[in-house]
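Okay, got some structures for you below.
Look at the two complexes coming up: chain A is in both, with chain B in one and chain C in the other.
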Partner chain A sequence: MGLIEIENLSVTFRAKGREVRAVEGVSLTVGERESYGLVGESGSGKSTILRAICGMAPVTGGQIRIGGEALRMPRGPGFSRRVQMVFQDPYASLHPRHTIDRTLSEPLAIHRIGGSDAKVVKALTDVGLPASFRFRYPHQLSGGQRQRVAIARALMLEPSILLLDEPTSALDASVQAEVLNLLTRLREERGLTFLMVSHDLAVIDHMCDRVLVMQHGRAVEELARDDLAAARMTTAYARSLFEASADRMLDPAKAP
Partner chain B sequence: MSLLEVQNLRVTFDTETGPVQAVRGVSFSLGRERLGIVGESGSGKTMTGRSVLRLIRPPGRIAADRMVFDGQDLMRASERDMRALRGKRIGMVMQDPKYSLNPVMTVGEQLTEGLRRRDRIRGAEARAKAVAALEAVQIRDPDRVMAAYPHELSGGMGQRVMIAMMLIPEPDLLIADEPTSALDVTVQAEVLSILDALVRDRGMGLIFISHDLRLVGRFCDRVLVMFKGRVVEELEARRLTEARHPYTRGLLNCLPRIGGPREPLPGLDRSGDWAKEGAA
Partner chain C sequence: MSTLRAWLTDPSPTSRRQARLGQSYLAWLRIRRNRLAMAGLVIVGLLLLVAAFAPLIAPHDPLVQDLSRRLLPPGTPGNLLGTDDFGRDILSRILYGARITLYIIALVAVTAPVLGLLIGTVAGYFGGWVDAVLMRITDIFLAFPRLILALALVAVLGPGIGNAVLAIALTAWPPYARIARAETLTVRNSDYIAAVRLQGAGAGRIIWGHIVPMCLPSVIIRVTLDMAGVILIAAGLGFLGLGVQPPMPEWGLMISSGRKFLFEQWWVATMPGLAIFLVSLGFNLLGDGLRDVLDPRSAGK
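And then the complex of A and B:
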């Protein structure tokens, strides 16, 4: 049994009398401590799945279960302690007028957890930031530092599942490497389960054990990591996505 | 003769704590070709692109020993002369359609604004030109897009609208600042082939600014690698994998690769002598 089970999920947005089916009949299962990737173009519904898990998208069909239990609306405090999300743009996801200290201690205050002073300092050190950053504002940090704060915030309640929505696509290449390394280390240390969205196949390949290719709101093909690297995909769409990423392949001459 | 020649370009910002140099002596020349400028945030690549159009506001200052576009000295040109160049002869595509298009004007109004104001072309004729430009960037239903507001378009469509807008006056030089970084790989490929066709068919010069080293290596003829306001390496794009400079090598190595090992990615080592303040 998987930790995250999504069965036949559909999400439909209604606006101006028009229906947009963002996700249609998608099923997937993520095991405990697994890292699972979602790839596809923008508009393929991959981020909508993450939002649906959090209760931030209008689910019109299917079921989402975490640890065997169907999720209820509203999600409630128990959900926040198990599942947290990291967003794409650290410039938009941190409150610009709150200090880092306030951003990090807010989840603790909401859940009435004490000892926030020590926990904030520890959270900062865990993501590789100096404790002196505590009383800074987001605009005083670089993009990579902000994303570290966003990760630290997501980990404040010690969740077991992290939903990662393009966590490095707003970052420079060298900063991306640092943040990916940080996520890998945190996953090992804390036994986290990742559900990660990216449009970059190389990032997904580096981080995930299995990947689901999506197009127009539907699941196209699920691939294990080895099959992805060996180009053993069966659908034309997954292949075209793979071929568009040809420059991200490991140079065969330099393979170990 | 080269289309654009830049010698020892410097951009300085006067701040409370003293002058900050964003660009420190960049020189290059450009023919009718695709020149890539790569670097990470803060390397000065965007400032270099904007300097060519003198689009740097105070407290920023531009200085150069020489900056000549098609025989015209850009350092001596009056503001009036610059306005005649901007858009008409040198176009610029900005990074993010979300911030660069006017949110309260329809795409059609924005596309025809230049034609109406600058070229005094009105009504049906202006509209026909705008629709043709949208078709040139592979937009399938131009009539719907003409009537749409920017928020009703996807990122890829918005980016193509901005490229179409820059192409209407048929510039000789296009400066594209991260034109594809907001796009998916497949859309990215389409936008690049549009730009490629323009360079080939119209003999346009292109300055392609990007943080994506692999993309630039695949798409451009020549690449300048910038770090802290300086060009640290200039090379032919197809020789990118033979780059010698530690910064270029570091940038190439820190990217994950499909089928690569699962060990931590090598970080970028900035401890070498080349990264020190004032190093050449």
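And then the complex of A and C:
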């Protein structure tokens, strides 16, 4: 039994009489402490799956279960302590008028958890930021530093599941690697489960145990890491995605 | 003194209190660099001082009439700004009038923007029928001419300063609600709101702690721009006998009573007019400076 179970999920957006089926009948299971990737081109519905888990997308069919329990609307405080998300754009995901301290202590205040002083400092050092950044504003930080703050915020409530929505696509290549290594380290230290979205197979290959390839809102193919590395995919679409990013795979055997 | 400054400007403060005080100190430095804002601050500070110490500064009692000295021009010994049609000293009346003006401004500035912010952010955040109902109410209030609506309210509530303030506040909130709603619509779908919602925050916390700070700068600008209008509406109500009652020295009332001799004895209406002009200018300059200070992004690194 998996920690996250998604069964036949469909998401349909309705606007002014038009229907857009963003996700159609996708099923997947993520085991505890597993790192699972969703990959596909823009508009393939991969981010929508994350938003559906968080209750921010209109689910029209299927079921999502976390730890065997079906999710209710609205998601309760228990959900917040279990599942958190890191957003794609670190320039848009931090409140521009709140200091880092306020941003990080807000989840503690919401859940009435004490000792926020020490916890904020610890959260900053855990993501590799100096404690002196605590009272700065987001505009005084670089993109990579902001994304570290966003990761620290997601971990404030000590969730077991982290949803990652293209966490590095807005960052420089060198900063990308740092943030990915940070995520890998945190996953090992805390035994986190990752559900990660990316359009970049190289990132997925570096981070994930299994990956689901998506196209036009449907699941195309599920691949284990070994299959991905050995290029053992069965569908033409997955192969074309693989070939587009094969030269940037971080696997040393494949390096030129 | 220098240790205090070092403590305040410490780039890595050790406590929340130090960080907050440091932020206020930096804000003060920023507003001090802005000369126009400082000019505004000086004018508003003077208004406060004059209102507080009016009995000590004023050369005459503002209510005592002396019909032998009526309509004296400015510069007359003993009456620096001249006298009005009842022989009352205009300078003393302006100094005392600062109290009433400040009282009206303060009450309106505290009530109307808060009400407008609340209605606008709630409408923008929830959307749907809440938005529709609140915005139609706002439209109805906006469609009425402000003075007429204030008149109707005062007619129901009865004349007096308190009711005039209430009437002005109840007619002044719709523009704030419109601004707040527009700002709310631009931020409600942003990732940082989604993030705090995902953390389990309730609507009240999101609106008050996360959306209102984004709306504040534009609302504050609007408040300072509206101050002149508020003084004039209060004057209009007084003129119609529904606001401040004569012989109270209120600037708007003084202008309307001076209207009758505008061409022969211009100073009766001009002097309080200059006072209104100066105070509105002060608020406008200060508001412009405050906007820069309230936005940490404009602070530079």
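The definition used in the following text is that the second predicted complex is superposed on the first by the 248 of 256 C-alpha atoms of A that agree within 3 Å, B and C clash if a C-alpha of one lies under 4 Å from a C-alpha of the other, contacts with A are read in each partner's own complex, and residues count from 1 in each chain.
Everything below uses one rule, namely that contacts are C-beta pairs under 8 Å (C-beta built on N, C-alpha and C of every residue); 3 or more make two chains touch, one makes a residue touch a chain.
From a predicted model like this one, the values you see are computed outputs, not experimental measurements.
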Putting chain B and chain C on the same copy of chain A, do they fit or clash? fit
For A:7, decide between first (touching chain B), second (touching chain C), both and neither. neither
Touch test for A:173: chain B only (first), chain C only (second), both, or neither? first
Look at A:43 in the shared chain and tell me whether it touches chain B only, chain C only, both, or neither; answer first, second, both or neither. first
Could you look at A:126 and tell me whether it touches chain B, chain C, both or neither (first, second, both, neither)? neither
Just chain B (first), just chain C (second), both, or neither: which does A:202 touch? first
Which partner does A:227 contact after superposing on A: first (chain B), second (chain C), both, neither? neither
After the superposition, pull out the minimum Cα separation from chain B to chain C in whole angstrom, please. 10
Using the superposition on chain A as set up above, list the residues of chain A that contact both chain B and chain C. none
Quick check on the complex: what are the chain A residues that touch chain B? 41-43, 142-143, 172-178, 180-181, 184-185, 199-203, 205-207, 228-230, 240-242, 244-245, 247-251, 255-256
What residues on chain B touch chain A, complex-wise? 40-41, 154-156, 184-189, 211-215, 217-218, 241, 250-251, 254-262, 264-268
Please name which positions on chain A make contact with chain C in the complex. 54, 56, 75-77, 79-81, 83-85, 87-89, 92-99, 101, 106-107, 110-111, 117, 130-135, 137, 139-140, 150, 153, 156-157
In the complex, chain C touches chain A at residues 11-13, 16, 19, 22-23, 190-192, 194-201, 205, 209-210, 213-214, 295-297, 301
